[in-house]
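Every chain is named by a letter (A, B, C and D) in the order it is written, and numbering of its residues begins at 1.
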Amino acid sequence: MQTTHRFSIKSQLRYRLDQDGWLLLNLAAARSPFQNLLSERVENSRGIAFREYEAPQGVSRFHGLAAPAGNLEIIYEAEVERTVFVGNPTMEIPESLLIDLPTEVVRFLYPSRYCESDKFVRLAAKEFGHLHPGHERVAGICNWIYTHIDYQPGATDQHTSAVDCLTLRAGVCRDFAHLGVTICRALGIPARYGSAYAFLLPQQDYHAFFEVWLGDRWWYYDATRLAPQQGFIHVGSGHDAADTSVATMSSSVQFDSMDVSVEKLSPHIVEFANGPVSF
Amino acid sequence: MQTTHRFSIKSQLRYRLDQDGWLLLNLAAARSPFQNLLSERVENSRGIAFREYEAPQGVSRFHGLAAPAGNLEIIYEAEVERTVFVGNPTMEIPESLLIDLPTEVVRFLYPSRYCESDKFVRLAAKEFGHLHPGHERVAGICNWIYTHIDYQPGATDQHTSAVDCLTLRAGVCRDFAHLGVTICRALGIPARYGSAYAFLLPQQDYHAFFEVWLGDRWWYYDATRLAPQQGFIHVGSGHDAADTSVATMSSSVQFDSMDVSVEKLSPHIVEFANGPVSF
Amino acid sequence: MQTTHRFSIKSQLRYRLDQDGWLLLNLAAARSPFQNLLSERVENSRGIAFREYEAPQGVSRFHGLAAPAGNLEIIYEAEVERTVFVGNPTMEIPESLLIDLPTEVVRFLYPSRYCESDKFVRLAAKEFGHLHPGHERVAGICNWIYTHIDYQPGATDQHTSAVDCLTLRAGVCRDFAHLGVTICRALGIPARYGSAYAFLLPQQDYHAFFEVWLGDRWWYYDATRLAPQQGFIHVGSGHDAADTSVATMSSSVQFDSMDVSVEKLSPHIVEFANGPVSF
Amino acid sequence: MQTTHRFSIKSQLRYRLDQDGWLLLNLAAARSPFQNLLSERVENSRGIAFREYEAPQGVSRFHGLAAPAGNLEIIYEAEVERTVFVGNPTMEIPESLLIDLPTEVVRFLYPSRYCESDKFVRLAAKEFGHLHPGHERVAGICNWIYTHIDYQPGATDQHTSAVDCLTLRAGVCRDFAHLGVTICRALGIPARYGSAYAFLLPQQDYHAFFEVWLGDRWWYYDATRLAPQQGFIHVGSGHDAADTSVATMSSSVQFDSMDVSVEKLSPHIVEFANGPVSF
């Protein structure tokens, strides 16, 4: 089943630069057959030209800029027509053998900065090894994370990894996504980190979820249960927050504040079906 | 200046499988304008067909196989004509601004599993921020690692990261490479992990070094000083040992033992020039 | 209910010293109203005089010696009459309010080297906060550890802490004890690490368990279920393995090998009652 | 050489309790031949009786209280006559052999929660092994910390240990003290963590330093160089901040704000001599 909705995104990000510095931004909605960008505006308050490019083989689009000392505001606005594919939760979406994975998917089996899956092999096998492979198992992982980890802004920081979060038992969407990615990889299931604008997200912010390779495509999973996955406007995907965060900055750049809003433009009533979601 | 040498590689890797499992091997010499594979043989003792592919956008070649329970031996043999470019150590090889990096190089600025460069920003700035950017700075990093870390087999294990090694002050080639990568990234210099067969390496083993993007290409650096870099036959490159190790295995596979030998075939005397080396 | 048994202990520990060094040994059975030492012999192969002392306010006895380079064997032999108090598992053994704890017990509420209870506060509350305070809760903690952690020699090393073990989900008696101590402290229950000679322990070795302050005394708990607690001959107690290990050594001392045996001398049949055990 | 000064201390600590909870406070000036308490007042805004006791064998004094939900203010005021012994920096203050240490000092050789000295053995030997044992070596450690670590409030938190700080290269007095303790223990020198009211401290706060056992007594060392050591009014000493922090609290207690002031009452001019300081 497919659903199509139209969303309007507005975001301002404000930074302070002690001295000249640079930012690499990953805030533009991804372009794909499932995301039709009706309009888009990426600007900054200093009128500096961006360097734009797409991650090789990835879905992420980057905007880089070098900026002088002072204040800097980044503005992003877009209208996006978003189609999502909603699977039938009772249907089979099988895991793949390593040997059958597409070449570009294999790298999402390896541990990464915030997803130390090499340390989770035994935990993953003990907690989730007995579950039915495929969607049922990943849904079980999401339930475990939702049950065992408190959603608690401020409990973690930019250095927090899956190992840290497993102990502290608290975190934000980024940490929930890292745990999901880590457990899947530890089971031999390719998984990656996704970032998005999310309709109906309780707080104004960017959102993070995780993607799992089942069958022949990436499926979205979000253990936070904060917003309907059919309202995700996909921004980027990567190994983890290390290469998928909204902004990578030189040390002279300090984050100041931001505003994010996502509106639904399509006139008809929101009807979000239940079930696994793919893009 | 370029040098060309011809090498013969022989390697056997022996594993035990408790039950059916899989291995993803990264042991074949890379193919490039600088590495001419005159002959090559990749076989296994069970006669199982390999799945072969190259990492998208990477230099690594992979051989995957699913194998039944029991013993398994992997044999790799090759003759390689290896050309290396030896830079003049007194010449300038500048660092690049983020904004000018090739798209496929940018991802090697991010922290990864064993290279927590997000935690090293202050250390890198304090210890190496004053050095002249470019080769001189990276050479300073190599000297610091060589001086501060003991080469000590057994002191670290497969979970050891740059943070761990910085404290323990001991490690093997893998750990030396991780530290080099981490410090460079913390300074905003793209760096990646490299694996190789190495001529004249004191112990029979695979070797690890690190690669740094300076000017318009990747340069080799090796803080272990164990073997001449002109005798490296390049196998793979990646974020760190997570995606560049010789073998990624399912949990049912146990490493048993291995033999590695690298012979020099070219008749003339070995004359390894000093200086930074690129491939 | 009290039981009294008589045990014979024999232990040899062998070390190699690259150069002059020292060892601080914690291998002698503790003296207490519950442990009557009928005979004891502590010797070393170099005939060096030990410095003997008891830990201030602790149960541990120490034997220190400075030794020259070369081989060194430590011999410990003792006959011990051991009385243990076996509680009724259905009876109440309540937790104490901090405010009512004996002065010398309070320090066992703090985190220590291998027991980072400051990081476990939320986990402990979520997993065990709903259990009935006292013995029932601690028994629940033991069951959780036994169920979630694999007893797996070689999976951990001397640097492994409770945080590490929680992720890796494997360890030895030392790690099981650290987890127990950590979770109790995170709940505000005083807990400490105990070492012992253990009758019927499957492998020849020293054993570790944990002690919990309930009511007016320390009770023994052992999540490994490897040996009957009534057969423990208490050696030492402390914050964790950092101050309760068999030997603390200068860097010039290498452990070589050891033998440990515990025999039961009392002629009557072994009748180990079930239930919580105190010394 | 001895100096004697008279100080007036005033401190208010404000907390919020979501529900009933408890605090264990370590904020009273220690009583010793070197600290004569001329007057003292310990009160709280709810008029609850404190439970007072001294740490067994330690210098710390504790005030425990159970309090109901709501706001809570703790008031501490004292006048203290403080005598410090100032050593001659060129004199010998030797390190002791383990075998000669007083029994109650030995436990400060072990690693503790925030001082993982078991991981620093090689670093300590490489960086400080060649220095002249005794005061000269410890002074070298202080210089190294002062040079390599930035004093940076906010860079660390209550979970930060010596390993973390060594990598991050930033911290506050607590972290500087932990590093000093850790390096000393890794060299086999007993060291402990000290807390104090400090005259002339730039910010209103409690202060932390470290103590090293040299010769026949504990000497003060402070790698932060923030305030003269002769103006320290000693509060407590322990393994590290785990057992020496100002307040240990149940999870229902939140710190709100505090005021601390230290005035010098003695009429004569401040003449702080240079040199190592003991209490």
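By our rule, a contact is a pair of C-beta atoms (placed from the backbone, for glycine too) under 8 Å apart; a residue touches a chain by one contact, two chains touch by 3 or more.
Please read all numbers here as calculations on a predicted model, not as lab measurements.
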Chain labels contacting chain B and also chain D: none
Proportion of interface numbers common to chain A and chain C (over half same, under half different): same
Chain A and chain B: spacing of chain centres that average the CA atoms, whole Å: 30
Where chain B and chain C are represented by their mean Cα positions, the distance between them in whole Å: 44
Chain centre separation (chain A, chain C; CA means) in Å: 46
Multi-chain contact sites of chain D, meaning residues that touch two or more partners: 116, 119
Overall pattern in which the protein chains touch one another (line/ring/star/complete/other): ring
Interchain pairs in contact, sorted by label: A-B, A-C, B-D, C-D
Chain B contact footprint on chain D (complex, rising order): 116, 119-120, 122-123, 126, 148, 150, 163, 166-170
Chain B to chain A touching residues, read off their complex: 22, 24, 51, 53-57, 62, 64-66, 97-99, 103-104, 106-107, 109-113, 115-116, 118-119, 121, 125, 158-159, 188, 239, 242-243, 248, 250-251
